[in-house]
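Below are structures written as structure tokens.
After this come two complexes, each holding chain A, first together with chain B and then together with chain C.
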Partner chain A sequence: MTKPILEIKELKTSFKAYNGLLPAVDGVSLTVNEGEIVGVVGESGCGKSVTAQSILRLFDERKEVKYEGEISYGGVNLLSLKAKQMSSIRGNDISMIFQDPLTSLNPVYPIGEQIVEAMLAHQRISKKQAMQRAIELLQLTGIPSPQERYHQYPHQLSGGMRQRVMIAIALACRPKLLIADEPTTALDVTIQAQIMSLLARLNKQLNMSILLITHDLGIVAETCHKVVVMYLGQVVETASVQELFQSPRHPYTQALLQAMPRIDSERGKPLTVIEGSLPTLNQLPQGCRFVSRCSYATEKCHSASPILKPVEGVQALVRCWNADLIKIESRSQGQQARSGGEDHVIQSVQS
Partner chain B sequence: MAIYVLKRLLALVPTLFIMSVIVFIIIYLIPGDPARVMLGDGADEATIQQVREQMGLNQPVLPQYINWISGALQGNFGESYFLGKSVMAAIGEHAGPTFSLAVLALLLSLCTAIPLGIAAAKHQGGLADKLLTAFSLLGMAIPGFLLSLFLVLLFAVKLKWLPVSGYASLQDGVWSYLKHLILPAVSLSPLMGAIIARMVRSSMLEVMNQSYVKTARAKGVSEHRVIYKHVLRNALIPIITVTGGAFGTLLAGAAVIETVFNIPGLGQLLVHSVARRDYAVIQGIVLFIAFLYVAVNLIVDLLYVVADPRVRLE
Partner chain C sequence: MLFNPSNRRKPLLQVENLHKSYWSKAKNSFKKARVRAIRDVSFTIFAGETYGLVGESGCGKSTLGKTLLRLTEQDSGSILYEGNDLAKLSSKQLRHYRKELQMVFQDPYSSLNPRIVVGEALEEPLHVHRIGTPQERTERAMDMLAAVGLKREHYYSLPHQLSGGQRQRIGLARALIVHPKLVVCDEPVSALDVIIQAQIIQLLKRLQHDMNLTYLFISHDISVVRHISDRIGVMYLGRLVEEGDTESLFQQPTHPYTKLLLSAVPVPDPFAVKKEWQQEGELPSPLEKIAGCSFHTRCPYATERCRLEEPEPKRVNEEHWAACHYA
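Then we have the complex of A and B:
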């Protein structure tokens, strides 16, 4: 169960800008084990999506980005593969689904053809067999009357259906790892729940690992085994889901959890926010990147960058100088988050 | 679909009607007298008056127009004063060369513009992209008649590979037919090619940013397939639109090139008819060109449906 399938070590993805390289992902390390669902959370712009897309090397390396570090899959460093070898990994060993299912499917081809295309790209399989399998996949992802749907175009399907089709495409070659980049952000809440439970089911049924990129802590609490919290291109904390919600150690993680609207919070009280705003990548603070927004910041935090290291008393890795000192704000947050983050939001909006 | 086409064809009627009125008024405003032109400088005033009376030119505009349109509605667009045949027959004879020239010029434009546009979009800022910028600037800047003269000088006069001018119909043999059309078509194609190539490039670049292209890459399909299957197909609609426009322009606007190469096409007929004040022919050609424009646009609209399943014609 704990055999690592994907190991990212010190990944650095820099975008080529007119005034030099901007490191959107700066030294990220994380591991996904077989059959595990790992969540990557963080606010917009923290580099979680870039990390996800870097794994499949979806950015244009000639013009757009520069990758450094190591992404090890099955003992091979993906960053050292040639373009053609990389293509044979994409969609075959590692698949990906994206944020917006409304624009992620090619509008001019029937959905079935788009599923078949993924199979024909990697497998020696006849068109007829591929079609048969595509219909099975549509069924597996919970699309009613798949035979008819096969010939329909994306615009004839709802958003939730289209995300199911995306999942079917991703599953076409039975990948060992699925990268889901905010798969439910563009969908409404009920559909969101359906898609997440579908992913959880596929994880169990096919023993497929999932790297789930999201900013929704409710989803993380419900589906993930392990969580990686990112801030400004760095991992600030990795922990098991229970640990993260019960004893968050990094000040940013704590702030994130406090910012989550709660059903039992006092009505009419403003929601908690993280003070300050995200520095831009070309104006990174010296020392700890969170220093300007952190309530625990000391002298040392302003001058030296902390590293990701184990903390006393927990299994988690935390990137903070004060992790050992910061009192654990004991809370039963985990349990409550599990009951669905979305309900809290609705409640607080009404109040 | 059939109903849609029928509706569009019916919509032609008011368009053509308005066109005919405008053309009639413009012709009426052109100075010059067909009777005088027809009879030559030495004709005496009495004869001129007599001919004017015969041709109905002494009537006010409205009866003249009513006279003409009632004939046109019955398929009779009048007789040419000079050619001694019906306007329909004259247009029929001259449409072939124009059509051949337009098709060949369009094919040439497409064959250069599409690969160049794709290459430029694939390597934005690269060699092909710079080539496209240079090519399209040149294509738009060089007037067709100037280019045609250079081409004649080089390929017809100096190298003697191709004829200087003239036209051979397809019955005279394929090579003879093509030989006469190559230079005029090459003269016409740079402008169209430039417009189409730029559209291919910008349309492809726009599609390349779409997330379904990322999906295609994430599936692991080859880059070649990503470009030709996923990007190009989605970039087609604006390309079809400009191509249709270009074809319409080629059908209507090749008068200069036809004159340079002495090709008996519609453009040449139109220019000559204006010089001869051959009212019926001018009227007929203008209406025919208007009809072609509308027909080309209809075909373009029908092609949209083929290119993009989301387009529904109603």
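Then we have the complex of A and C:
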């Protein structure tokens, strides 16, 4: 379990804009171990998808972006590979599924051929064998009557089925790491539950690591082993899933957890709201990036930017000057032990 | 505040046997096929409450919202608003009621005209209903901006200068500026991030209290609906399959579809006991004709009777019913 298969160190992905470089991902470090499901959460625009796409270097480096840092996969820094070497990694060792399965599939080819294509590109395999395996894969991902489905086109399938096909394509070359970028956001909740349990099953069955990008903390709690919380291009907290939900240490993580209406909480309790919206990348505040919305902010937070460091008493890494001082408000099972009063000052709008 | 069961007995909107169908291209043929988007829906919304409507995409919840305001015409059935049947009114007569029934849409990006400033967009409904002088309208727009938590400067902003959350506040302000009684909120927070979503939910609650509003809150997000609603209706393939007050519906979900829906919601607690009821199968196409109970194709408890006979609503308790033979 503890052998790392992917290690990202101080990754910085900057987009070339008319007024200079905009760092959408600014010094992200994270590790995915063998057989582990790691969740990356954050609001839209926090850089979680860009991090995922940087791993496979999906952006055009000549025109769009500049990568810095290190992405080490099996001892090799992916950022130093040549284009050709990189394409032998994509879809083969590391593959990816996206949010919208309709736009990710080619509408004019039957789905079976699209699965076969991935295998023929990377492996020495006959077309017949590949077809056989494609049908097995369709079965593995829970598509009924795979023989007939093989010849169908994407438009003949429902959204959930399309996502299963995407997963089948991703699995075609038996990757060691699957990057799933919001795989269920476009799906209904009952189908979402099916796809998530499929991913969890594949993780166990194939011992395949998964990097799961999502904005839904419920999904994280149910499927991930480890969680990385991102805010404005930086990692603000890394913790095991139990630790994160039980004792969130970064004020932003706390805010995220409190803002969420929960199916298991007491009803009628107002949600705790932090005011203000996300600053844009070209107007980043001085010091800590969360300072403008943080209720614990001190002088130091306004001037110096904190680093990701261990906190007393927990395994988590937290990017906050006050992490040791912030009281952990423990959350008993299924209940929000927090209330508007106490010592945390996050403004609560009463209804 | 949360409404009190003792004084809720004033129905604001009563819907009876509402039907609505669309014509759509049939599969593998050039013929047209009828999609029955709403089938025999009856329910009542009481003054001052929030009625939540949940269901998966394609179940007809948005169509229902639009049909109630006559943004699309119903096939049959009645929509009684304070005793008057909206379905029978001419468009001229309806204009008076349009003021009292307003709608907030899901997508704050496409529901605002990109070329007119926010203030003008806010004043437009007042114009249409011939309310006030130009100065009064501007004043009211300014007041409304303050009420939804925006600044006076935003009067001169164009939609592209605002964030998603701010646009949704504008959408809300525009619906509320004519002082409606009933607001149909069609997925008002679905496009927003969780922190912004919480801001808008708290705003909706505060405005409901301050302006004495009644909400029909349509959403696919069960946690959000649970948080905001007093009573909830669950829709499946154009039908209301279960209705109850929020407490009872979540304590005691009775229709198998409601049970499936609730068990599918991920619980943000890694220590929670995993629920085991996994269900395969997907929503059937709305073009298909399903005899008997519309859920029988996915229902693990389905029997012969479910395939043949349409279930009638059965009482679970005074406020709570489910349309299942075995409820």
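Operating definition for what follows: the second predicted complex is superposed on the first by the 321 of 351 C-alpha atoms of A that agree within 3 Å, B and C clash if a C-alpha of one lies under 4 Å from a C-alpha of the other, contacts with A are read in each partner's own complex, and residues count from 1 in each chain.
What we mean here is this: contacts are C-beta pairs under 8 Å (C-beta built on N, C-alpha and C of every residue); 3 or more make two chains touch, one makes a residue touch a chain.
Bear in mind that the values here come from a model prediction, so they are computed numbers and not experimental data.
Of the two partner chains placed around the shared chain by superposition, chain C is the only one that A:142 touches, whereas chain B remains out of contact. Residue contacts after overlaying the shared chain place A:121 against chain B, while chain C stays out of touching range.
By the touch criterion defined above, A:260 lies against chain C but remains apart from chain B after alignment on the C-alpha atoms of chain A. In the superposed model, A:216 lies in contact with chain C only, and not with chain B. Of the two partner chains, chain B is the only one that A:88 touches; chain C does not reach it. By the touch criterion stated above, A:268 is placed in contact with chain C alone, chain B being left untouched. Within the superposed three-chain arrangement, the count of touched residues of chain A is higher for C, of the candidates chain B and chain C. Once the two complexes are overlaid on chain A, none of the chain A residues touched by chain B in the first is touched by chain C in the second. Within the complex, the chain A residues that touch chain C are 43-44, 142, 158, 160-161, 188-194, 196-197, 215-222, 241-242, 245-246, 255-264, 267-268, 270-275, 277-278, 331, 333-334, 349, 351. On the chain C side of its complex with chain A, the touching residues are 1-2, 56-57, 163, 165-166, 193-199, 201-203, 205-206, 209, 220, 222-224, 226-228, 246-247, 250, 260-272, 274, 278-280, 282-283.
Listed in rising order, the residues of chain B touching chain A in the complex are 124-125, 210-212, 214-223, 225, 230, 233-234, 307-310. Taken together, the chain A residues at the contact with chain B in this complex read 53, 56, 58, 63, 83, 87-92, 95-96, 98-100, 103-109, 117-118, 121-122, 153, 155, 166, 169, 172.
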